[in-house]
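Each remark here refers to the structure printed beneath this line.
Order of writing sets the chain letters: A, B, C and D. Residues in each chain are counted from 1.
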Amino acid sequence: MNSDSEAQHPVCVVVGVGPGNGEAFARRFALEGYAVALLARRPARIEALAAELPLARAYPCDAADAASVETVFAKIEAEQGPVDTLIYNAGSGVWGDVESVSAEAFEAAWRINTFGLFVAARQVIPAMTARGRGSIIVVGATASLRGVAGTAAFAQAKAAQRALAQSLARHLWPKGVHVSLIIIDGVVGGPQTRASFPDRSEDFFVRPEAVADIALSLTRHDRSAWSFEVEARPFGEKW
Amino acid sequence: MNSDSEAQHPVCVVVGVGPGNGEAFARRFALEGYAVALLARRPARIEALAAELPLARAYPCDAADAASVETVFAKIEAEQGPVDTLIYNAGSGVWGDVESVSAEAFEAAWRINTFGLFVAARQVIPAMTARGRGSIIVVGATASLRGVAGTAAFAQAKAAQRALAQSLARHLWPKGVHVSLIIIDGVVGGPQTRASFPDRSEDFFVRPEAVADIALSLTRHDRSAWSFEVEARPFGEKW
Amino acid sequence: MNSDSEAQHPVCVVVGVGPGNGEAFARRFALEGYAVALLARRPARIEALAAELPLARAYPCDAADAASVETVFAKIEAEQGPVDTLIYNAGSGVWGDVESVSAEAFEAAWRINTFGLFVAARQVIPAMTARGRGSIIVVGATASLRGVAGTAAFAQAKAAQRALAQSLARHLWPKGVHVSLIIIDGVVGGPQTRASFPDRSEDFFVRPEAVADIALSLTRHDRSAWSFEVEARPFGEKW
Amino acid sequence: MNSDSEAQHPVCVVVGVGPGNGEAFARRFALEGYAVALLARRPARIEALAAELPLARAYPCDAADAASVETVFAKIEAEQGPVDTLIYNAGSGVWGDVESVSAEAFEAAWRINTFGLFVAARQVIPAMTARGRGSIIVVGATASLRGVAGTAAFAQAKAAQRALAQSLARHLWPKGVHVSLIIIDGVVGGPQTRASFPDRSEDFFVRPEAVADIALSLTRHDRSAWSFEVEARPFGEKW
């Protein structure tokens, strides 16, 4: 760690910092005094965001690439300290039915959503279990719960991610590490999605700030009453 | 309403105030400034508790009896004002397999867990939908999700309650009323249960105060990211 | 038993014989050589059907009334012999949201779908467990799995029925009695429903004969590979 | 096709022919007059089995390797004709928690259970949808439904497989192709597993012949009452 002041702050790693949930997680945890590590493939956004937030650092990283993840987490631990909270937000949707998605897209969906979580979790588990505390928060989607025709690639990846999160939870909860899964059941209101749904009112979208509030509250749950799966669904959503 | 000061406070009705979760809900919401209505069949505990808490009132009531519920809710609205939050915590467990439970116990389980919720919800829905806000929080159990051999009466009642809560949620969310279900997946640590499990450490129990924190947080969720079903499970619980 | 020939035939009781599934169950099991007991509130249809089918008998009965059920099952056992297969098909849908259904309809839905199953199952369990064999088949619906706004009464009743069926299954499978639940996820094509959907082709409906085939196959499953929950859904249905 | 007699027989492809379910599927469908294609990585068992069964052929194939699968299915279609029934039985269990399984085993589990199904399904879909009929049967496990601590690799793969099967079903059912998933909830009684559980009676095991009966019955379901998910669980199993 390169400074005393950082040492006093819990570390929160956000894997997958885009303009929606990822940025909101970073801002919310920074506001609460966490030293935040911002991970994304492209450096531009995370570097700009790191410059805005106290104690934040940008770590360009391909979450689907084990070697890249291992290198970056070693760096985070050296520079910011042991990880208190891991938020796994990587993984965009790939649409298409089984006939129209490519084998490459099918595999890439699993690699970013599931394999990346597997690798990232393994980097933080030793320190978390040694300290008997910590939080791993996985960001899921409606597709985590079921596969429809048009989600042949996305749903298998999200369902695999959910099963892995369950396995992590049942393995780590008794060691004091809170693993949880936020099911986003709606369209997150980032700049791109708002542009894609120009006719929708604000009520249609999941506010990233609200998801970040849920994530923060999950880190504060009394361990006598932990939740594993938490939905985030707009009040007007059909479900 | 009999005083100006009460009029400024949101009203929280707790149906089923026992020494575990019920009392904890009452204390937590009172601490947050709610005028709390305490409902239970027997007056002793709720009257003593009402005396302790500011703005709280005791309403003896049989939650399984429609007439009793209707009378009491009319009184609450007259004395404390329109209900902002309804916490439905009535319904104790009846154990036994299909051959050993009595038909009376089988029916009573449904009446207190499901029919009582139906009646109580109907008392508060008009005012809540008129104002476009409010919260109905139902306290479920592991048995809400599955029936095992020894829960022939309890599981059918809790599953019915859950399906009713889903129906309420899908009907009322779009009107701004947040219906949710807390699944208590463990043994709530009240005085009686602690005495029943003398060899267990504190880690074994769900702390009522932690459940009350969850309930309070449900009333504050941003409506762009509501949850319907929230688990409360001790970190060491097998699931 | 009033004749030797009947004694050689396994007995199948169908509770709830209407013009759709109920009649199809009766015809299918009669064809397989079962002595079929036909139960419905009104005698006209079951008496006409009994006259058509070999070894069938009509027993007017209100499945929601415990005394009526107990009397009829005693009579069946005396006249036809111990029950081999119980098909619980009673329970029609009551539509409406929580504000529009009456308390009477809400309770009646539970009584016919859940309480009636509880009472009927208890009549046949002793003989089935004594012989270490038998089949209890419950006819569920989409609403067994979830409550939507317009199924406030029906879904709570069907969810309760499903939880009870799970409890029955976990209690009775190890004793050799196969309890199962057929989830009808579509509109059963009886004379009334076909009239209600005049614009739909045959592909829209669940054929009662196909459901009866499923029921029969459930009684023949090798006990090393039993199913509890079996869906019956038209190939074109959205799910 | 190299003979007229073969042309008259529907073709069933069994992917993953081991000594348990795979062999039982092959024997059962051969008995019903299907021309069976036997796929496994190692040729010895499938060649011996093909020699025993009329119209059966052995196709050594690595189901996790897209090129190998594509080559073999082209060969099957040329030699045996268009595929009527695809049974996807590939995928053995890999045990271990998230800390003890290797990244290689984690990926291999997904590749054989999920990616292999994706590739195999794509080979048969065009001919099935063109004819408006066919059956794709996937063999799942308890782990298809949930992840526990010791199934970090297996559960994510089986959950992904299940979500993919759901996506296939919702895409293909309306085109007349029946996709289904058999959940094996117990230990299949093959020679190896019986040796691994020497103290267990026959009642402990799922009989492969019973699973094969379920698969055959799935191909004969009336399309007005199809099932997607079918459990195969020994009557004495705890669930």
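To be clear about the criterion, a residue touches a chain if its C-beta (ideal position, glycine included) is under 8 Å from a C-beta of that chain, and two chains touch if they have at least 3 such contacts.
The shown structure was predicted, so the numbers you read here are calculated from the model rather than taken from an experiment.
Participant: Starting at chain A, what is the smallest number of hops through touching chains needed to reach chain C?
Facilitator: 2
Participant: Which chain has its C-alpha centre farthest away from the C-alpha centre of chain D?
Facilitator: If we average the C-alpha coordinates per chain, B ends up farthest from chain D.
Participant: From the mean C-alpha coordinate of chain A to that of chain D, what's the distance rounded to whole Å?
Facilitator: So the centroids are 34 Å from each other.
Participant: With chain centres taken as the means of their Cα atoms, state the distance from chain B to chain D in Å.
Facilitator: 47
Participant: Averaging over Cα atoms per chain, report the distance between chain C and chain D in Å.
Facilitator: The mean C-alpha positions of chain C and chain D differ by 33 Å.
Participant: Residue numbers in chain A touching 2 or more other chains?
Facilitator: 170
Participant: On the basis of the stated criterion, which chains touch which? Give every pair.
Facilitator: Result of the pairwise touch check is A-B, A-D, B-C, C-D.
Participant: Tell me, which parts of chain D touch chain C in their complex?
Facilitator: Within the complex, chain D contacts chain C at residues 170, 173-174, 176, 178, 186, 189, 202-203, 205-207, 209-211, 213-214, 217, 221-237, 239.
Participant: Of all residues in chain A, which touch chain D in the complex?
Facilitator: Touching chain D from chain A are residues 66, 97-99, 103, 106-107, 110, 114-115, 118-119, 121-122, 125, 143, 146-152, 155-168, 170-171.
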